[in-house]
Each structure stands twice: as C-alpha cells, then as structure tokens.
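What follows is chain A paired twice: with chain B in the first complex and chain C in the second.
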Partner chain A sequence: MSAPVVAVQGEPANELLRLDNLKVHFPVKLPFIQRLLQREEAVVHAVDGVSFGIRAGEILGLVGESGCGKSTVGRSCVRLIKPTSGRIFFAGQNITKLGGENLRALRRRIQIIFQDPHASLTPAMTIGRGIGHPLWIHRSAFGPQKSGSEAFGQWVRQRVLNTMREVGLTPEEQLYDKFPGDLSGGQKQRAVIARALILEPNLLVVDEGVSMLDMSIRAKVLELMLDLKRRHGLTYLFITHDLATAKFICDRIAIMYMGRIVEIGPAREIYADPKHPYTKALLQVIPIPDPDKRKEKVLPRGEVPDAVHPPAGCRFHPRCPAVLATCGWEGRDFVDFLDEHLSDPKRAGDDESIVGPIEGWHADGLVASLEAKPMSVEKAVERVETILAEAPVAMTQAIESVSAQKRTVMVRFHPPNQLRQTQVQDRLVECLLYQ
Partner chain B sequence: MRKGETLGVVGETGCGKSTLGKAILGILPVGTQVEGKILFRGRDLTMLTNQMYRRLRGEEIALIFQDPMTRLNPLMTVQDHFIEEIQAHEPVSSTEARTRAREALISMGIHEARIRNYPHEFSGGMRQRIMIALALVLKPSLLIADEPTTSLDVIVEAQILEILQDLKQAYSMSLLLITHNLGIVAEVCDRVAVLYAGKLVELGSVRDIFHKPLHPYTQGLLSSIIHLETKELHSIEGSPPDLIAPPSGCRFHPRCSFAQSICMEKVPPLVEFEPGHFAACHFGDKFL
Partner chain C sequence: MEWLHSRLVRPFRPLIRERHTLPGILSWIGLGTLIAFILVGIFGPVLVSIDQTKALAYPILLPPSLQHVMGTDGIGRDVFARVIWGTRTSLMIMAIGALLALVVGFPIGLLSGFVGGKVDRVLVLVMDSVYAFPGLLLAALIAAVIGKGIFNIGIAITVIYIPLYFRVTRNQTLSTREELYVEAGRALGARSWTIMLSYIAYNVVIVIPVIFSLSAADTILTAAGLSYLGLGLEIDIPGDWGRDLSDAQRFLGSGIWWTSLFPGLMIILLTVGLSFLGEGLNDIINPLLKKERA
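Take a look at the complex of A and B:
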C-alpha cells in the first residue's frame, strides 16, 4: 500500500492554526496471545496525514461521517490527544509537544465545545460556578493581587454574569444559582459556550455543537456563534456531519473521509460545484424539505470500511460511483465482490461449488487467492472470469491476471496510481479524476 | 392511517411522538394511564388482553427502534433472534424458521452465511437492516419506525430509507415513520402529523403541510429547517413547555406570535380547514 503524497503549501502569514501532515493512530487492544501472533501492531488510522490552515477570523468547517477522524483532529488542536506524528502550529508557535504551564497557557487561547451540552456540564456545579470555573483554574494568569482574595471571587462573579448576558443566558442573576438539570437543552449549550468564552480565547473548536439541539432552537445557537465571531473576532473550527449547517456558517470547508481530507476550499465554490465524488455523495443525500423536489439518488455502495486496514489507494474507491481502474483496487475488493455475488442464490447458481466457499478466499495486498483446492483449478479460473463480467468495469480493468498456480486460484491487481492533493480552481482535491 | 400509506409523525424532543408509537404497540410502562381508543382494522387495541397483544405484535404491527445496537441481544446470534420471533408466533420447526431467516437476510443484502454471527460483528447500517428484516419476517401490515435512521450516517440513512420505501411497496404495508427530521418526511411520506407538547396540532398531505402549513408551530418548524438553500436562519422563540403543568388553552400560545386572549383560555379543537387538512388553531383559517 502506497501512502498518498501530501502537497506542500505556502503558509499565509495571518494563519492562526496550521496542521502539518497530522497523524493520529490509536492502538487496538488485543488479547495477549493475538498480540504475540500479530506480525505488525494493529492501529486505527483515525487521522492519517491531514494538513490545513485556519486564517484568523475565519470559520473552517470540517465535515465528514462518524469515524472519519474529524473529532480526533479537533481534539488534537486543543491538545487533548497526542498526535502520533505531524506538527500543529498555533499563531506561529509549534504546539505539538507543549506541556506543563505552556500547555495550560495555550488552553486559554483555544477552547472546545462538545456535542452533548448535558454531559459537558458538571451536574453538581451551579451554572454560575461552572462557567466561572476556568477563571479559577487559570487564576494565576489574572494577576497575583486578585488570586485567592475575596475581590477575585467578586470579579469572577461579575465576569460570569456579563458573559451569561452576552450569550443570552438571561435572566442571568436567577440562572446563576441553577443546576444544569434545571435548564433546557438550548440553555445548557449557551452555558457551555459561555464557559468556553470566559477566558477570551482566539480559537473555538466546535465539535458537533448544535447537532443535539432541536431544529427550532438550533438556529438561535448558530446565530449566537456568528454574533460572537463578529464581536470578538473569534476563529472557529466547526466540526459537523451536517453539510447544510456548515454551508450556512462556514467560510471554507474541508471534507474528511477515513482520516484524510479529500477536498478543501471556499464553501461557496464547493457547494456550487463539488469535485470529489465523496463530496458529491454527501451533498446529494441532504434531504430537501419540499415534497415536489423528490428525486432519485445515486448512493455510494456499502458503508465506511474498517479504519484498522484502510483501503489501498483512494480510501473511497470501494464505494465510489466514479471509480477508475487505477484508484486502488486490491485483493479484498475482489473477495467482497465475490461475497456479494455468492450471497444472491439467483445470480450465483452453482458458482459456489466451483469457485469454492467464500471463506476459502484470502486477500493479501494486490492478490486474492483461493487455497481451498477446488475440484478443478482450470474450471475455477474460467468461472471467476465469467463472474467478473458482472463486476464493476473499473475493477475488471484493474485486474492484471486471473491464474492458476499449482492448485491455487489467484486474482492479481495492477498497483494503484499515486494519489496527490491537486489544486482545482480555488481548492485542493485528492482524487485521480483531477490529477 | 390508510392501507399502504406512509404517515410521518414529526415533532421535537419530548413532544410525545415515541410515546404514540409505543401506545399503539401496548408497550408503555406498567401503570401508564391510557384513555381513548386505538382502532386497528376495526379492533380497539386498548381492550386487548396481554396474550392477544403478544400475538398482534410482530405479526400484524411491528416496530423498529432508533438504536439497532441496543435492540439486538448481544448474546444471541442473528438466527436465534429470528427463530425466537418466528416460533413465538407460528408452530414451525427450527429448520423452517432458519430457512425463512435466511431469505429475510438475503432480501436485505446480507450474506446468509452470516446468520450465525453476533450483532457486534455487523456495522451500524447492517444491524439496522437486520432489525428491519426481523420486523418484517412475519409480514406485518403496519410497520412503526421510530427514528430508524437517527443514529446512522447520512449516506447509510439514505440507503435505509430507500430499503424501507421498496419494502413498503413489495409487502403493501403501511408505515408510521416517527422522526424529527422534516427533510426525510418531505422525501418519503404521503401524509404528515405534527405533534407539539403531546397534542396533534396539524394533519394533512405532505404537500398541504409543506406548502400551506396552517398551524403557527408547523410554520415555525418548517422555517427553522437548515437546508442547502437556507439564506436566513429562523427559530421559534422560547422552548417547549413542561408537560407536568402544560400551558392553558393552546399549548403553543406562549411561543406563538399570533396568540390572542382566546388562545390562553380555550383549547383549540382539531378542525378540517380544507378536505383532508386538519389543524388545531383558533386562527387556522387566517393562513388558508
């Protein structure tokens, strides 16, 4: 498997945050015996070479399905997760390995908002105390004369009340002593936003910050975020699976799939004319709230594959409606296709008795092989070729040979083309169609 | 609900839409007070004994829940789920039940060899397809789907909705789709019921609801959808009421910009403002 090459970009001067080839791999916990037998360490390739920058004052949308690594990118930016490799710059400073007091100081400048406002608030802390808590944690930064004194407590309270008013958590005097359980979902999310703002950060990472809110209040919270951006010159990394919300709020959009950014550029252009087939698919499935505009959809096949063993070449190729012969076809794609073929008795006929049970097939890199020793290897090769007539054209074109070696049937694929991020108009796309 | 139709039940968190689905199936918590009637093919379901209800569930009315992971028993293989369900209703052998389970899985695009797998060995979308196969294996005439795609990714959501549509036609089944997602309703439903704070506030064809909403709540809900053509954000002031002490009169009046004094005093009846289009608003005719 060849790793996609990352395009090297210039660094605009006004960038607040820059990720440079960020990788985050999580080890898979295996039982002891399996760990011994494993040839290489199994890791989840959550983020696998992500580079982008966010300019000061801009909202960058990071969009993708669950498990694509978007939240891991967000958490890495706040340094809640240690990157496996790559570098993170904040305001020109390399923060990848920051620790101790320096990391604490960084957290005053980058804050994060999570999806579930209920889980984000400590149930035993009143709203006022919860919002003011970061000020106590960072009290040394607000002058030694204030720290610990009664005056500091007064100052915190005043600042909390002001922030509550600013995020629309009113009447603030009354809500100050309430507990999270007394508040509605929208109010709780406002409290979470207030807590994130109280340290006056420069960058806010919003991880699905409105997804759990009901439609009728979602708009209000989005408006609040836009409003705060205007008033404080905030910069946002807005992580969401909802392309419609992202369209409304974001200046630029990055589309993520299986740990890679497949398309990134100005929001307006990406929505008007998506380039990557995955972006197209995502845009197409957004329901249109008008019964007169129902239309047939061409949906990608299947689901997101296992991130422990991501597909070769372009990771979207097994599901891509526009896939080419060079996109990364490999042995297991053939096994998957055969599995699907054999699972339909009408199409399969007696195929299973000739090409063997699906469990007999093994995929190793570019090769799929049947070691189950079928009755007649020649007949099996012949039948595999017949079955392949039904396969996606791109896949059949990618096959180098179907052969019999000793008593093993082998399907061998051509190696994929090297994938590079390519400049297409104002954006970067990682797709062979544009290379 | 008519035979073969898809009725969407929409509303926000806590409006009672899931309770409605559970009430139809008689699976509300013990001690819940239920008034009124649920007529299914002329029979009042609230009068059924527990035993009669057990026969009806699965066989005539089936349910798919939101989260497919927690609804499949992690200690049972897929085939055990099917055998248990089929044998609870029909006196058939395990072999016969297994054959039917295989057919059901194949119709959902899942390889029959995987019938011996456990739920955790399947992806989210596959689990939901297994749930659907389980719900349909006894060929019910009504399927209640409670947020069937909410925990799924957008592309898989579209795939599952497509499957539901196809099956509905193939089995000439009726579908009660409970959802908070109005976009999905516009794409798959024939008629729509809008719930607010435990009350039915509007009922009509999907075109009536989306093009000529009569209730101010429906109007607010529609304008708050964020979709690709959204130019301006709208929302409804306030938040849904506490159902322990709901507002007097029309339950929406504290959030309604058209509210008059009558709205605080009198509960608006559900009125048919035009053929097939009902709304519970004192001023529904203003929006005709």
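Take a look at the complex of A and C:
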C-alpha cells in the first residue's frame, strides 16, 4: 500500500478559502502559585497545523469528534478567533490580520451559522428586525439606498420579507413582528440562515448548524441549504460531528483529530474506502439500518488524550488499531500501559512491589524512568522486560532499551518517523501506513 | 408601533402571565400601592389646602375626629394634610434619588462590564469603596455639605445608590457579553458600539425594574431617616414624614398616638409596597432569565 509521496503545493486559482498551517493555541488559566511553579506556559493545542482549501461553489465537510478543534477552525475562518500562527486567504487576499473597516467589509462576504439557533438570536429583537439588522450595520455599503432613513427602512423591510420567503419562513408578514421565543427550533434556524444570507455572502461557515434540530426538520434545513447553494452560488464550510449529515451534503470531507486533519478528499471515495485508521473507526460507528449487515466494530480504545500535551508523532497512535512501531511511542505510553497492567491484580501478581508504585514513574519525552530501591534495580529491569512481553507488539518494537543507570530504571523509545500528508489515490492522508 | 409594543406592552407580559402565582400577586399589590401613592401625591395637594399644614392653623393636639380625621399635632397642624403633602415630598425625593442613580449607574456599569480590563477594575474599586460606606452616614455627610432641600437630599441619596445600579448592571453585562448572539453580532460585522447598545443593553435593562423598586423603597427610608435626624428638608416644607415623626415622639409618652402613627404608617406602606414589587419582579424575571438561557 505505498503511494508516491506528493508534496502538498499549489493553490488552484478558483479556491475561495485557503488555510495555510493554521494554529490556534489557547492559554490554560492556572492559579497564580501554579503559574509560578510551572516552567513552560500551558496551552491547549486546539488547532495545530491545519491546511486545506475550499473551491468556490463546493461544500467541504469538516468532521471530527467533539473537542477536536473543528469549531475553532470555523471561528478562525470568520476571524472570531485570532489564530496563533498560520495564514488564512479569502479570494486570494490574506485576511489573517485584517482589522477595523476591512474586517467589517470581509464579514459581508463570510458569514457563520452557529449550532444553537435560539442562543444566536437576540431575545430583545423581533425576527424581522434581527434579520434586517446586518443591513443597518453595513448601511454605508448599500450606496444608493442610503438617502433618507425612512426610505432605507422601507427597503430593508422589503428585503427582509423577500429573504424570509426564500428561506421558507412564512407567513413572513406575521412572523416579522414575532420574537425569537415565539418560534420553533426549525423556524429559528431558518431565521438565522436568513440573517446570514441577507448580506449575500460568498462563503457560509455552518458550525453544527443542524445538530440541534430533530430529524424531520434537519432534512428540510439541509435541503434548504443545498437549494440556496444552487441559487446563490454559495460555498460552504460545513462543520459537523455527524457523519451521516456530512455524507448527505458534502462534496469533499476533511476528518479532524486533535487539531490535525488526518484525511481529506472527495466525500464519496472516503465513505466507500476510508484510508486512515481513525476514519475507518469513525465510519464504523455510523448506524446501518439493516440488522444483517452489522459488522464487527473496531472502536478506538480509550479516551481522547489531553490537548495540552498531545501525543508525539501521530496523535491517534495510543488508540490506533493499526499502530506501527514508528508512530510516536514515548515514555508516557509505557507508564499508561504499566498503570493498566498493575491495576489488574490477576496479571500483576507481585509486580507492584518490584516495579511500582506507578506514581514513582516519570515520563519525559521518549524516556520513562523510575527511582528504584538500591538492591532491586537489576530485578526491576528484568521484571519490566517480562511485563513488556505482553505489551502491544508495536510498542515493544518501539522500545530502544530497558536499562539500569545507578539506581534508575530507564525505558527508552526510538524516535518516531516524521509524519507527512501523503497523496493516496484522490485524497491526502496523514498516516505512516501510506508514507 | 412595534417599537411601542416592545417597550410598553411586552415587559408586562410576564407580570400578566404570572398573576396567579405568589410573586405575581406580590408584584400587583406593590404596583397598586405605588400607583395609589402616586395618585395621592399628584391630586392630594390639589384637594387639601396648604394652609392646614401650617403652624397654629388649629388648636393643638386634637384627637382624630370628623373635622380632623387624623387629629392635629403639637403646633396645631392638621396631621391628615401633612401626610398628604408629605406624600408628594417623599415621591419627589424618591424620583430624584432613584432616577438619578439609574441614569448615572446604568451607563457606567454597562461600559465597565463591556470594556473590561483596567477601566473596569478602577471603576469597581471606586464603586466598592462608596458601597462599603454605611448608606445613611454617607447621605448625612453629603447632606451636611450641600445643604437642605428636596433636590439636595435627592442628590445625597443618589450617591448611595449609584454603586448598586453599577454592580447589578455590570454583572449582568458581563454574563450577557458571553452570549452567543453577541458573538453572532460580531460575526455580522457590528461595531463595538452597536453591539453594546443593540445586543447587550436591551438584555441588561430587564433587571432594572427590580433594583429600581428595591432602591426606591430604601430611598424613602433614608430620606425619612435624614429628616428624623434633622438633616433633611427645610422647616417650611408642607409635609415631611420623617420630621413629623421626629416631632411627634415627645408626645408619645402622654398617650398621644395619632401624630406619630399616621406618618409612620405611610412610610411603612410605601416601603413595603415597593419591596413587594421589587421582590415579586425579581422572582418573576429571574426564572425567566434562567429559562431563556436553558
């Protein structure tokens, strides 16, 4: 399964949005004392080097578990979050550091729809006023209508009513003076779409835009989005955790895990034949409406790791069913393994007294170490080797040496291979299996 | 039309919906009391001649009778007339004090909560140090400096209540600032100014009726307290509940109850009414806030 390594280069001219190695790190708020004690500043690596492009007129799905950073990518695209590093291009223009009036002008062209339609609407504004408010905000941009407040108000009202009709918020005359609290969830989301649409943007970022709606309404709202795309030539960045929704609406999808894109390509191909082990695992959890077709599930083991200290190498390696020796094993993987081993009394036996306690182990990068009792260092090394015999093969292979230095037991790992995005057939995959 | 509706009718909707619950009943009793007092304050002095409130208008210390329903006091003034005219005085002080505190405290609180940072920290520090002062003492101090009179007392009281409005507005602004619709407003391209006025202020205003009622009740007590201590109004004011109460206390020992009972009763009625309104509104509005967040 080896494919030629193709460097990711070139920006097709018709790309509407391009992210170039985008990183967003959030500082972790620590109590004062802890901040003094900690040497380095703790940051959450919400987005850690994401690059992709969206062609004009296409729907790109950004899919991943909650907490993988997909919403942060979406909010960065509309500049609600300041990127830590990397660049964002919109229609060829670098918008990473745009501010003031230029940023305001940009917001007429990129709009975002949030997950919760109720919270997105100001409770104090009527539906009509809320939908029309963007026009008032950007009043100076609508040149000829500028003359006379009364005339402008009439013009806004007419446009709001037209847009409401277009998104199916009818009867529009009656709903115009209602407050958000009086509307149903589906109607509220239609109002949010209308408000985003009234500025006639080019790009619409939909951040879990239908996740809170129930199934019957969800399908209708998705149909509406497709319909609007056809009529206005819209481009979508569609962020969701729901693979079934993404399959329905997206032309291409990008799978995200812990702030990195692990696989990106045409939706149909990825659904038919996922390459990255994470994509495979993710696709297996889509329910298939046929009891006979149920396959065995290879769910990823364990929890999503801590984003403050993401795993070395491939971030998925501690949970990956197809993990290799070169995927990024490091000291703390060994400590985690030992912890699991020791907490099972049947397997552990008297191991705890020789290689324990688990709190005595320190993991620092590729090395895990234990201050042992003076007499038993050699014995501990021996026992660690015995225990490792039942460890995952990939991890055992990744270990360079288990040794004793004076009173310290050291487990040292080989450095991981460099991970690159690789062209596999028609898509990009970030996995050593294909490198 | 929509403008009028959203500002005049809509705020009363929860009050009408909750009219059968305890907070609803309390609010309506409070509102009724307040309206009754306002009517007395406006029309009372028109119907009751000011001459009856002057010294030596009648024989002194007459018990309540048909001519003098609340009797006369130690210097021959009609207690009923004093009480009616005192209503106007109290309401004026209340209006000046509570309104001025609102007009000053609300915008500062809004700005402080919205801007945040150093501005916020300095303002909170200033307001907290004013708040830490005992209210009556501070008012007495200011009154002693700027002198007597309805307007001056109103200002002295304003200073006590600005921090209250400031705190409540600021806290509400801080929580509203984090709402999704504020972020949505920013994504729409709204300027900070627009966000503050169109998206935040609207949703902060709803807490104002509650603190307005409660601080108004407090205002009445403080004003009466100042007058009782002799720091309040000029001697020739035609009605002043606090001062009348103060004058009446030396007769209490001789079984003359009417000169102190009626002014005292007025203070209690108005204060309790306003408190009912404030507490009732608080119970009605706060669960609504919670529900809307959920």
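We adopt the following convention: the second predicted complex is superposed on the first by the 417 of 435 C-alpha atoms of A that agree within 3 Å, B and C clash if a C-alpha of one lies under 4 Å from a C-alpha of the other, contacts with A are read in each partner's own complex, and residues count from 1 in each chain.
The criterion applied here is as follows: a residue touches a chain if its C-beta (ideal position, glycine included) is under 8 Å from a C-beta of that chain, and two chains touch if they have at least 3 such contacts.
Quick caveat: nothing in here was measured; it's all calculated off a predicted structure.
*Asks:* Evaluate whether chain B and chain C can sit on chain A together after superposition, giving fit or clash.
*Replies:* In the superposition, chain B and chain C stay clear of each other.
*Asks:* Which holds for A:Phe248: it touches chain B only (first), chain C only (second), both, or neither?
*Replies:* In the superposed model, A:Phe248 contacts chain B only, not chain C.
*Asks:* Taking the superposition on A as described, I'd like to know which of chain B and chain C A:Gly360 touches: first, second, both or neither.
*Replies:* A:Gly360 contacts neither chain B nor chain C.
*Asks:* What angle, in steps of 10 degrees, lies at chain A between chain B and chain C when each chain is taken as its C-alpha centre?
*Replies:* It works out to roughly 70 degrees.
*Asks:* Just to be sure I read the superposition right, which of the two partners does A:Ser216 touch: chain B = first, chain C = second, or both, or neither?
*Replies:* first
*Asks:* Just checking: does A:Pro266 make contact with chain B only, chain C only, both, or neither of them? Give me first, second, both or neither.
*Replies:* neither
*Asks:* Applying the document's definition of touch, where does A:Ile112 land relative to chain B and chain C: first, second, both, or neither?
*Replies:* After superposing on A, A:Ile112 lies in contact with chain C but is clear of chain B.
*Asks:* Let me test your reading of the model: by the given contact rule, A:Gly153 touches which partner, first (chain B), second (chain C), both or neither?
*Replies:* neither
*Asks:* On chain A, which partner touches more residues: chain B or chain C?
*Replies:* B
*Asks:* For the combined overlay, can you note the least CA distance between chain B and chain C, rounded to whole Å?
*Replies:* Shortest inter-chain C-alpha distance (chain B to chain C): 14 Å.
*Asks:* Of all the chain A residues, which ones make contact with chain B and with chain C?
*Replies:* Dual-contact residues (chain A): none.
*Asks:* So in the complex, the part of chain C that touches chain A is made up of which residues?
*Replies:* 2, 5-6, 10, 179-181, 183-191, 194, 198-199, 202-203, 292
*Asks:* Which part of chain B faces chain A closely enough to touch in the complex?
*Replies:* For this pair, the touching residues of chain B are 12-13, 106, 109-113, 123-126, 153-159, 162, 180-184, 186-187, 189, 206-207, 210-211, 220-222, 224-228, 230, 233-236, 239-240.
*Asks:* In their shared complex, at which residues does chain A touch chain C?
*Replies:* The touching residues are 78, 80, 103-105, 107-108, 111-112, 114, 116, 119-126, 129, 133-134, 137-138, 177, 179, 181, 192, 195, 199.
*Asks:* State the interface residues of chain A toward chain B in the complex, per the touch definition above.
*Replies:* Per the touch definition, chain A meets chain B at residues 65-66, 184-187, 214-220, 222-223, 241-245, 247-248, 271, 281-283, 285-294, 297, 299-300, 303-304, 339-340, 342-345, 358-359.
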